[in-house]
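You will see subunit A twice below: alongside subunit B first, and alongside subunit C after that.
For the complex of A and B:
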């Protein structure tokens, strides 16, 4: 295949999965903002995990990767082709075949192998999504990565390494692209369903470490972290990770709370319910408070200020967020009935 | 001094005060050179970045609510000034 670049409009975005979805849909003629995708897809979430699968307790602030795309299929009728591969060669052959057909798929990679990013950003996160939009004459690939300001070349070896990185969410060459976009949508219904499901996920999943219950578990358990850490260095790293998980891993800021606030502002117009603008402001303020927790954790990690008393302070702030978000989602559920 | 120059100096003073950089003269920070990669008179890290996001919100009353864009906006004093000016105008 000679060098080619498909007419793919590159966009930067706050979060790789929603940003990639937005770009993929735009390529096929459908404009849907990243925030709307996040909201309709019920992306906002919380979970605290303290079990044998994880070397150290950790938490999530969004639904699991792929769920937003699946929810878009359910709520808007958009269909996606998805595929994983047994070997890198099969994965590359499929990618080349799609590009030859004029289809620029999105693919899952390990962030670390994206050589075009500055070294200080390149950490091992194997659920990063990029669009592959062309190929050079030399056989390397042209990438639209929402974390990078323009379309950029990536060596085919680096792309292969990224697509076949290991780990618990190993990409296995996963790729996806839209195959069907309905001509008409019931946005109002989709937005309402997206909000209702988010409220359910935050308030009613009967599992003690998910949603608001997960926040409270996190708040209570954080004072146990010193007993679980290997040493002070490890504890410092784990506490610093609170900041990374809330702010650094493409969350759109403050654990996706800002992105959800933006969604609610857009939802106010779609549902013709101006009261949702107030909910949007409340979620923005809530995001500010999460960001304060994030900064406090980052400072504690950097300064090795890791006493149980200090961790208890962080726990108290997380409890406060749990109380605020519980009230918030209960009231939101009533408004979108 | 025009408004932009004044704003850039305010940003530099904010950086120095927020990060408690006692040995840095705000005027020495270069407008167009990256602040995170060692090409300016100061080198920031990601925690400094969050400190600055919150300081910008406090001092200039504009919220930087997109962490990915934040990386670009915080990269230089020029970019911060442009962002603050555009947000305040909107």
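For the complex of A and C:
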């Protein structure tokens, strides 16, 4: 069998889900920036999880994986073909059939099996999205991963294991590709809806650990962390993870706050509301403060500076962010009405 | 964040970041990971330490190989149960040394799939000359490069048999 590679333009981006969506749409002839996709899809979020499903309390700074794609369908009318599979065989056959037809689908995988990434990045997280853009002569796949500088080969066994990893949010071979892109869009309505939903998610979602409430819960609970850790090194690892979750997991810096600021600046032009530029600046400053928290966490982890007082200090900074973001989203909701 | 404040000479891990560019517009710039650039050695130190302490307990028969890999790969019991396709209560049993001795080979194969290690490595530790477990996911590649021997494990058509080859490096 000879190798094939579809003319897929590879580009690096900050976040895997929005990046894959952006390059999928670009392949089908529609240019939509990552930040705009993130904003219209209401990607910005916060949640603090402290339950048995996680080995240690953790937090998220983005909406549920897949939600951004669903929101794009709802708000812009872009239709996606999505499919999950019962067996790895079926999944592979479908993937091969699509590639033969000239369609490079995006698929959901477990980070752990992406052999081309360095070891320290490869952890068991089921929510990574990659584009499959071709096949080599040996039957392996060519992957366009937006965290990797170029198109890269991945053994077919690894791809299959990654697509059928199981566990929470199991991918089940999930793949998607756009099937219908409307000729005209009502961007204004979509952007307005995206911002409104983001405000709702941050302020009013009636669950005590999501949105601003989640942020406060995190700030209060962080002083309990020493009791939950196995030893000092484990605690240091967990505190360093605050930095990783905010900066490293494809957030574009400061837990998506910088990306959202970029979106708001674009939104100001689309909605013709210059006051949003001011909001964008405020979001940027807010992001800077988040970045200070993440740098502080990294240093604390490094220096094993993990006293309860120090953790309380971090908690106080997070409380401050919660207050700032609460005010920010309340005012934002009024502006985009 | 301003573009000029961004340190751009990150060598280890490059990322795309969003920032205020020098011309005042907001957009993407190439940056990198602060923590990977500065604290990667600390990460390896912690991982190696954790591995050593778990190995000690494993050799004393205080824990089972399932627990060893579960902690190293940062999984919980329910996550492992779901990934391996084994009931949670049975996974809990397999974390006790006495019960682990009665585990089925079929179950072990499922665990091996979830951890991405050969079944054989539940019963042996392939140590390098500098006393590292060469065959677990977080074995430091730089350390491996220093080693005099290369240890390669290749799968065979028989799912429970793995070929382990030790060769002196040229």
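Everything below uses one rule, namely that the second predicted complex is superposed on the first by the 333 of 337 C-alpha atoms of A that agree within 3 Å, B and C clash if a C-alpha of one lies under 4 Å from a C-alpha of the other, contacts with A are read in each partner's own complex, and residues count from 1 in each chain.
The rule we apply is simple: a contact is a pair of C-beta atoms (placed from the backbone, for glycine too) under 8 Å apart; a residue touches a chain by one contact, two chains touch by 3 or more.
All values derive from a computational prediction rather than experimental measurement.
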{"item": "Three-chain arrangement built on subunit A, subunit B and subunit C clash or fit", "value": "clash"}
{"item": "Which superposed partner A:288 touches (first subunit B, second subunit C, both, neither)", "value": "both"}
{"item": "Residue contacts with subunit A in the superposition, subunit B compared against subunit C", "value": "C"}
{"item": "Which of subunit B and subunit C A:165 touches, first, second, both or neither", "value": "second"}
{"item": "Partner chain in contact with A:247 - subunit B first, subunit C second, else both or neither", "value": "both"}
{"item": "Touching partner for A:46 - first (subunit B), second (subunit C), both, neither", "value": "neither"}
{"item": "First (subunit B), second (subunit C), both or neither touched by A:236", "value": "second"}
{"item": "Which superposed partner A:35 touches (first subunit B, second subunit C, both, neither)", "value": "second"}
{"item": "Touching partner for A:111 - first (subunit B), second (subunit C), both, neither", "value": "neither"}
{"item": "On subunit A, positions contacted by subunit B and by subunit C", "value": "12-14, 118, 120-121, 147, 149, 243, 247-248, 250, 252-254, 258, 261-262, 284, 287-288, 291, 295, 298, 302"}
{"item": "Interfacial residue positions of subunit B with respect to subunit A in the complex", "value": "36-37, 46-47, 50-51, 53-54, 57, 63-72"}
{"item": "Contact footprint of subunit A on subunit C as seen in their complex", "value": "1, 13-20, 25-28, 31, 33-36, 38-40, 42-44, 46, 49-50, 73-76, 78-79, 82-85, 113-114, 116, 137-138, 140-141"}
{"item": "Sites on subunit A touched by subunit C in the complex", "value": "12-14, 34-35, 52-55, 112-113, 118-124, 147, 149, 161, 165-168, 170, 233-234, 236-237, 240, 243-244, 247-248, 250, 252-254, 258-259, 261-262, 265, 280, 284, 287-288, 291, 295, 298, 301-302"}
{"item": "Complex contact set, residues of subunit A against subunit B", "value": "12-15, 118, 120-121, 146-147, 149, 243, 247-248, 250-254, 258, 261-262, 284, 287-288, 291-292, 294-295, 298-299, 302"}
